[in-house]
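So, here come the structures, one by one.
Here subunit A shows up in two complexes: once beside subunit B, once beside subunit C.
Up next is the complex of A and B:
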């Protein structure tokens, strides 16, 4: 077996919550709703395995949907930074 | 408002370095030479340590450097040219390291060129990612270099450098140890090339090592060491000024001696004296040298002493602050106060003031307060005129005239009086409930009084606890305190979904005794109790008519609950039977409230106590709000303790009396258990004991012995408990959850049980046995800390010793645990203190950064939640069915 075939798509792992790369317009809309700049979002490194798998570049905004026992689905956002 | 974050200028970092002589001179406004402060006329001497150019601290005097008055002049540094260089005592360690690591002749680092180059590259790399590691790495390089005895660059022989605290260096040559003078040290440090310093993790741009040997000394501005003028007109100088005068005197003498060509011995003496003065100027608590003293014999408080320690600048002035309008004294209980009130001693009320604006409506009242003045109780201490002038009523002769002059627009600072809002606090303030707003009730005597029900949020008791009181001074502050911080608003804790204010101890006992089956009250008693709660309506129909009108305690509770209140729940006295028959419970342990009437069930811990979720109190406050909650706590709860008084509840030795048959039964159980243990031990010795999975044979044996003994104790407890019914006071307290539990009663009447250290049977002590009273190798219950006696009968000496051992472990554990968890909590609280929940429900930092997109992921307020859950579906369904009349 080659190493390529053995590679796992981490986005499909059950412990990895759903990550969605947002378009520029979507990101703008969400930031406007919260009244903040991108910098004020929690950060995520571009070298983060999930960011790599998504193909997110510094400056992008990623939406994360997490299952939560109390809230059902918890929505969070990350600002991708260099690193 | 959180300010909008913009990517403009951010602080990249802070860097510390060493001041160079050139920089010290450049910072200085003048050289200081004369060791005198003032001349005969009291004018500061130019060129002395109080030179006017160093800034001004006297009002009305302009600074000769910046031209500003006191309030604007920041102060300016001067400098002293030291006649001879001296070692900076706080850098002595670094100097020692550098002297050892470098060549005494050529100044190179004592390592081959390649290694120096390698270390430099390593230091550079570390700097980029782990700046702190760079210094550690530098140290390791220095350590390696210090071992070299021949310089790899100039082949010069190296000697060992001995450092004697705090600032003396010796070089141990063949002929013996030679003292290194600061001049020699400085020369050697100067010779070290920049490149080699980088290999040691130092930055030659901001910290050349020769700067650690002082040739020029900065003189701190006068603003740092102001003259204090006493009321007698006497002037007194700051300790640092005194130190500078001493230093300048020696410096001058040294300079003169050198110029006169005095013998080397004299010069060396003065030199070391100068070194001493410089060292003590920086730090007067250096080990190995006597502290410099004031004329009175008091050690001088120099620079390091100002910064260091609990009273120092960091912990004392920057991290801790003091406030006006506050009071502190011992607290004591007063069950007749409302939970919203705090009893304030008159003496305190006469000092703490509330500013009140004079209006046409309160003019006469304010005039009366002013007339009464600062000494009579409801009076006033100050008046503030509209032009801002303050009049101190202590020094006003004719207060009547002043009172007449009072007009709307004036402010009267009147004494604290009943109904004023104040903040009340007990340290440690770990909670938001550690500071709550109370309404003042001015009382005689000298302690703060508080209602017993607010002890849990403050974690207060009355064994000498002191508490603080603060008086808000603005209308906004008072309004905010009254609406947000008032005690009644804090009944439900945000820490866990349960009330934190509620009954404890006697309240629980009283509630049970009042509401248990068979409590009958005649008209007089019923009326008296109901009066305690402030009830003013009529009496209900008596529950018993013959032999006379009697009312039940349950009826009394019903009078004080709202008429549409419904509640159902298990009481603490519940026996946990297999199937619950609910309202038909024979022990009266199922509480049902229908339409504000207590139908069945006795109230106890699970209905009235604090820190228990889903109690009657909890549901009541959730349903009707804080005002109703306060009414309940001020009314019904007062009845509980009033009834306890009436009942005459007391626990004596007789509540632990058991018949001899039970004693024999307990003894039989214990001897059976002892035999069982003996069997186990024998079995283990014969190797017949099957080890439990994952355990050794010894572990298994220990485990089994513990099991047998604890089972035996439980059975003994049951045997005793069967006899002690709900008539015994001790059992009432344990069962209702007021205090203690059934285990404690077992320990008093049956057996104390196994004493343990670190969760194991006690086994440390003498060789092969814990105490000399036992045989070697005895691992029976008695020899390993099992106590057969009970507290009532008393312990045997060995048992007592085991008990003391276990007791001591408990004490040590709590001491250690509180210290550790306290520090952990402090770090957490400091890290989180500026976060807030924004209006959109997100958690943000003070700069507007988002921490959580929704508070706690679900946005639920824990104080309004059902023990953490947003809604209790079962309860909602029940309510709906009840409404539909199902």
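Up next is the complex of A and C:
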């Protein structure tokens, strides 16, 4: 058996919940509903493998659909920061 | 007789509460009202009642959720046995569990005491033991020492003589040619490698006994096959899933995921930093929850998963893994007094004085310390809002 390296898509991994890159308008609408600023969201580094896979840049907001044992699907957001 | 509620009608009734009720609860309500054969009017009443009860069950603003989580995890932890347990079903592999593992997770240790990977396989590799063993061999680090009966130094010819063990070669799935190939990578310009049956003669071309000795050590530990960092790979039959999987001692997630036959969707390491690096911060959060829950379940302790989720959220909030301690969550508090109250008091006070820090007295700890009558917690969080100009609307509301 050869050990040739494969390209692996980490977004398919069961531990990685679905990440959706939001547009500027969508992000603004959601922040307005929550009444907070971007910086008050949990962060995500621009160097995060998922951020890289999505092509998210610092300043973007990512919506995360987590599979949750309590809520079924829990919606969370992360603000992409430099790093 | 009024008509019975259908799934579609029930969903429509819940539609206005889509942002309020969690998906699972909404689906359950739909199922239950249809099952019970309620009329539309009755179903509407049920929905209203569920929404009301749900709102009532929510945590109130200002509730000290972190404190409750700390107590809810801390108290059962005192009842944990300090023994490290064996991993379920794998007698030959020891995995840190119990309190030591819990501390390891919360402290966000970079190196795990017992790193392991659960490598799941795909397709035929998961169904056949032989195929699974192939993958295991590809994973397990095999060095020259592992496949030889004796390695000796010939000080006359400055050579290293390796006598291969046929049984070990067979066992590890390595051919003598592989050993030669590995040696060829390090032999240098003057060196040469010869294979004679099961004896490999490596003429180093060196002229110094000390260097030869050093080369000998290097040859012994030379990788012939496998992945760096994986000491052992054990094939197991997973009764629940009805397929073969591999448990490894040592972890190297990046390398493992790219090996043919490995299911890159399920394969996982127990090192949270490694997972954050390879799969991202959200996967790390999920792993923190999963690992903590596993430790507590295994000890028969019933801790609500919401407390664990809160810990995982706090640990991953900045996009990096932070420990719940001096070098992380508690150490990064903006208030000097809060930090000083936790650990290494004098250092924090002195550093803050040198830097000329100001304590805004916004948190709970610092307010308790200075003796405020109103601590920003629970009802103490409420502030009065007032309009400074009458009739100018909400835009000019100021806080005091």
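As a working rule, the second predicted complex is superposed on the first by the 78 of 83 C-alpha atoms of A that agree within 3 Å, B and C clash if a C-alpha of one lies under 4 Å from a C-alpha of the other, contacts with A are read in each partner's own complex, and residues count from 1 in each chain.
As a working rule, contacts are C-beta pairs under 8 Å (C-beta built on N, C-alpha and C of every residue); 3 or more make two chains touch, one makes a residue touch a chain.
Worth saying up front: this structure is predicted, and the values here are computed from it rather than measured.
**Student:** Let me test your reading of the model: by the given contact rule, A:77 touches which partner, first (subunit B), second (subunit C), both or neither?
**Tutor:** Only subunit B is touched by A:77; subunit C is not.
**Student:** Check whether A:13 is in contact with subunit B, with subunit C, with both or with neither, and answer first, second, both or neither.
**Tutor:** Only subunit C is touched by A:13; subunit B is not.
**Student:** Quick check for you: in the superposed arrangement, does A:34 touch first (subunit B), second (subunit C), both or neither?
**Tutor:** First partner only.
**Student:** Of subunit B and subunit C, which one contacts the greater number of residues in subunit A?
**Tutor:** For subunit A, the partner with the higher number of touched residues is C.
**Student:** Check whether A:49 is in contact with subunit B, with subunit C, with both or with neither, and answer first, second, both or neither.
**Tutor:** In the superposition, A:49 contacts subunit C only.
**Student:** If I apply the document's touch criterion, which positions on subunit A are contacted by subunit B in one structure and by subunit C in the other?
**Tutor:** Shared contact residues on subunit A: 42, 66, 68, 70-71, 74.
**Student:** Over in the complex, which subunit C residues touch subunit A? Could you list them?
**Tutor:** Subunit C residues touching subunit A: 22-25, 27, 134-135, 138, 257-261, 264-266, 268, 275, 277-283, 286-287, 305-306, 309, 313, 316-320.
**Student:** Given the complex with subunit B, which residues does subunit A contribute to the contact?
**Tutor:** Counting only subunit A, the residues touching subunit B are 34, 36-37, 39-42, 66, 68, 70-71, 74-77.
**Student:** Touching subunit C in the complex: which residues of subunit A?
**Tutor:** 1-10, 12-17, 19, 42-45, 48-51, 64, 66, 68-74, 78, 81, 83
**Student:** Given the complex with subunit A, which residues does subunit B contribute to the contact?
**Tutor:** 4-7, 840, 842, 844, 847-851, 853-854, 856-860, 869-870
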